[in-house]
Amino acid sequence: MTRMDFTHVNAANQPTMVDVGQKAPTRRLARAHCRVVLGAELLGRVRAGELPSHKGPVMHTAILAGIMGAKKTADLIPLCHPLGLDDCQITIEPDGPDALRVVCTAVVTGRTGVEMEALTGASVAALTIYDMCKAFSHDITITGVQLIEKTGGKRDFLRSTNS
Amino acid sequence: MTRMDFTHVNAANQPTMVDVGQKAPTRRLARAHCRVVLGAELLGRVRAGELPSHKGPVMHTAILAGIMGAKKTADLIPLCHPLGLDDCQITIEPDGPDALRVVCTAVVTGRTGVEMEALTGASVAALTIYDMCKAFSHDITITGVQLIEKTGGKRDFLRSTNS
Amino acid sequence: MTRMDFTHVNAANQPTMVDVGQKAPTRRLARAHCRVVLGAELLGRVRAGELPSHKGPVMHTAILAGIMGAKKTADLIPLCHPLGLDDCQITIEPDGPDALRVVCTAVVTGRTGVEMEALTGASVAALTIYDMCKAFSHDITITGVQLIEKTGGKRDFLRSTNS
Amino acid sequence: MTRMDFTHVNAANQPTMVDVGQKAPTRRLARAHCRVVLGAELLGRVRAGELPSHKGPVMHTAILAGIMGAKKTADLIPLCHPLGLDDCQITIEPDGPDALRVVCTAVVTGRTGVEMEALTGASVAALTIYDMCKAFSHDITITGVQLIEKTGGKRDFLRSTNS
Amino acid sequence: MTRMDFTHVNAANQPTMVDVGQKAPTRRLARAHCRVVLGAELLGRVRAGELPSHKGPVMHTAILAGIMGAKKTADLIPLCHPLGLDDCQITIEPDGPDALRVVCTAVVTGRTGVEMEALTGASVAALTIYDMCKAFSHDITITGVQLIEKTGGKRDFLRSTNS
Amino acid sequence: MTRMDFTHVNAANQPTMVDVGQKAPTRRLARAHCRVVLGAELLGRVRAGELPSHKGPVMHTAILAGIMGAKKTADLIPLCHPLGLDDCQITIEPDGPDALRVVCTAVVTGRTGVEMEALTGASVAALTIYDMCKAFSHDITITGVQLIEKTGGKRDFLRSTNS
């Protein structure tokens, strides 16, 4: 077990990008999620502003922020490759009595995966929900930021529902 | 309990910024943290690359990414005010047998708080740790993204250690 | 009438910033507007998706894009000074049978005005409306991008309603 | 006529990107224009600074700002895809006794069109002309921001000269 | 002589920002320069395109790029504080038979100096000259990037002309 | 020898991009270097903080800043094409008794070269070293910013070691 196993750290222990030029461009998808635990009262306030079929401004704002954040991934994560996105979808749904669940799906036709784009999109959407609710309370926690699915690269990944 | 309580949503249910021009500039601090649960084996690998007194590249890279991310907060969170930062400090320490704890402290002399800067800095640092470890495993979870302290604004905030 | 009258062009005919350091910081406001002429049918489609009291996604998206665009003004307009914004408000309302009217109000406590922020915010909001409607038609025109009000600087400005 | 017709709004009325991954990359061009109405006196001042064969700083600055703005389109328009540009050309010419006409042509080899890049480039160039002239007057209007041509996608578009 | 002397490295050898909040805002100026050695033939080509009183596009483009680059300093240099600029001026003049000299002056009213803004502005202007000339030759060298003057902070600095 | 030879200046002497759409995508590499002359004492301080096998924070920070700067090239250099990078590597080594040498290698599979990415990456890394050392001294000079190698385009380039 040596330090050189880290793909982003070279033999001299310097941070390094990974050369992706030899890989063939493939269609790659990654999906990440997280939970924003607001408490029951605050979740109620958010939901009260959202008609059943017309998502209101908290969720809209968070969705847009998440999509725009996913597009900025290579600006935020130092060793990420810049890449175009074919698609980025974010959904936000109530998850239990006190939380919202954010799911971000990123898709690219490219030489490297979009896990970080999906994770960044979900995180920025969650932070935006926090920003819009923080006047009420700072008892808000973003939790469970995880990759849930990944296809199109060397190894597919699918998180079992119990993990 | 009406929808208009949301500071970032106006009476017409449109997203809106909050006018901070009437507030006096004060010295404001916010501190946020989160945990990156890596599992014991992966935490061991990260620590093996870090000498006791010389933090190695995973943590350095994450610290720098977090600071740069905190500076980008107003670009990422749609309704945040652009503001200069007097200071931004990030620390990353092992937290139990399987996780790293990221703490981000942001300070400004300004008309509005820096909670979102602290939360964004901690989140981007955590995402960068994820990026540098993901070749080993996707069993990584970022959790417990929370504000822990806030001073200098209308109301101070200090999270009790048990929450 | 000499070329040197241009504040952004110096005696050598080179582009130049204006030094604002000697001005006192004051509260400054600028308001700009524009019209997005969609045609009656397309305006109807946009309005059909927007409940009376809950602005729907076309307008929300445009409002958020405009606010974020206003924050990027100094990145976009080469000789603009970087400055924080105290506030930025965008409203979008139907204007006659075939158009939407965008109004952007920018406010700063600073040494220079925010006309360009208001004009940029209105323009980016209008471009976003265009983007969201362009699958239906390219018979869309953004027109009448103008400053309508400016206070707090050396000279106030208020556009007469007939111009 | 339902709301779901909007390509950027999904069945739940949430804003959404369009997945372009199934499209083949083709050579796509879009051309947009707008007019900056300065009034005869201000147009004269701008032209006095511009030698016949050597465009002076107002127009140069606007051309460069427009090109750089076109490259930032996906940062500005929330649901636009990030894409490389093969080319972006901007021309600025007098148009009648009181106005300048800006034309922006954007070209890409990609899976989606560049209408928004052309419109954004033209708009940012026009805003930059405004910025450089605003010390003289705020009687400046940007008008007629329109797509004039589009090739290489599903449907070509060419605006008739009378519209 | 210990490592902790570095203001941007803390006792744990981690990169760190410097807290500037306790400093009083003062008017601060920094001036940096560099030379772009093009060779006599290429310098002749650049000058042939520049009329005596109307700087042509190579220099204009470089000046604008340098100003915009100076505004991006806090985005580029990880531990720099974000700050507004009161002013940024760039001049480019022939310097001997084979080179151009770029001088960038940055001014702020703030809590920290603008040396990095001046150095970054000069460097980006020089890189832009390189970009516009590189089709002719890669025998171009950017050299002598230095601070030449600094006022308004704890210690003034003025480079002697012989160094 | 006419002005129109400049690829980034058109017949009307306006700045212009180069259309790269007709070129085939190829694997292209560019390598640039520069020296940061710190003086012997300051170089000693930097090296004292860097263990033989664990690069410390000055160099790490500079490497990361350079990689992130290379990714921002098209934002900084007005007429550069936006492009993804397959890889970007930066090394920093002592060079003689008083200087550090920065080498930046950029690689892309694309229609245009990455010289400017390599030069920008090296320059931003050097500026970051300057920023981290400037509390000690402003007797620091960045010098010899040059392209040293280029392959994969129309003409390969390799700088002879004596130039």
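The chains carry the letters A, B, C, D, E and F, assigned in the order they are written, with residues numbered from 1 in each.
Criterion: a residue touches a chain if its C-beta (ideal position, glycine included) is under 8 Å from a C-beta of that chain, and two chains touch if they have at least 3 such contacts.
Just so it is clear, the model here is predicted, and its values are computed rather than measured.
Touching subunit B and subunit E at once are the following chains: C, F. Seen from the Cα centre of subunit D, the chain whose own Cα centre is farthest off is B.
Taking B-C and E-F together, the chain pair joined by more C-beta contacts is E-F. Comparing the centres of all chains, each the average of its CA atoms, the largest separation from subunit E belongs to A.
Our note on geometry: subunit C versus subunit F, Cα centroid distance of 37 Å, whole angstroms. Centre-to-centre separation between subunit A and subunit C, using Cα means, comes to 31 Å. Taken residue by residue, subunit D touches two or more other chains at 13-15, 54-57, 60-61, 64-65, 68, 72, 75, 78-79, 84, whereas all remaining positions touch fewer. The touch graph of these protein chains has some other shape, matching none of line, ring, star or complete.
Every pair of chains that touch is listed here: A-B, A-C, A-D, A-F, B-C, B-E, B-F, C-D, C-E, D-E, D-F, E-F.
Those residues of subunit F whose C-beta lies close enough to touch subunit E in the complex are 1-3, 5-9, 13-15, 34, 44-45, 48-49, 56-58, 60-61, 64-65, 68-69, 72, 75-80, 115-116, 119-120, 123-124, 126-128, 130-136, 138-147, 150, 157, 159, 163. Note for the complex: subunit A touches subunit F at residues 12-21, 74-75, 78-79, 81-84, 110-111. Subunit E contributes residues 27, 53-55, 59-60, 63-64, 67-68, 71-72, 83-89, 91, 107-109 to its touches with subunit C in the complex. Within the complex formed with subunit C, the subunit A residues making contact are 51, 54-57, 60-61, 64-65, 68.
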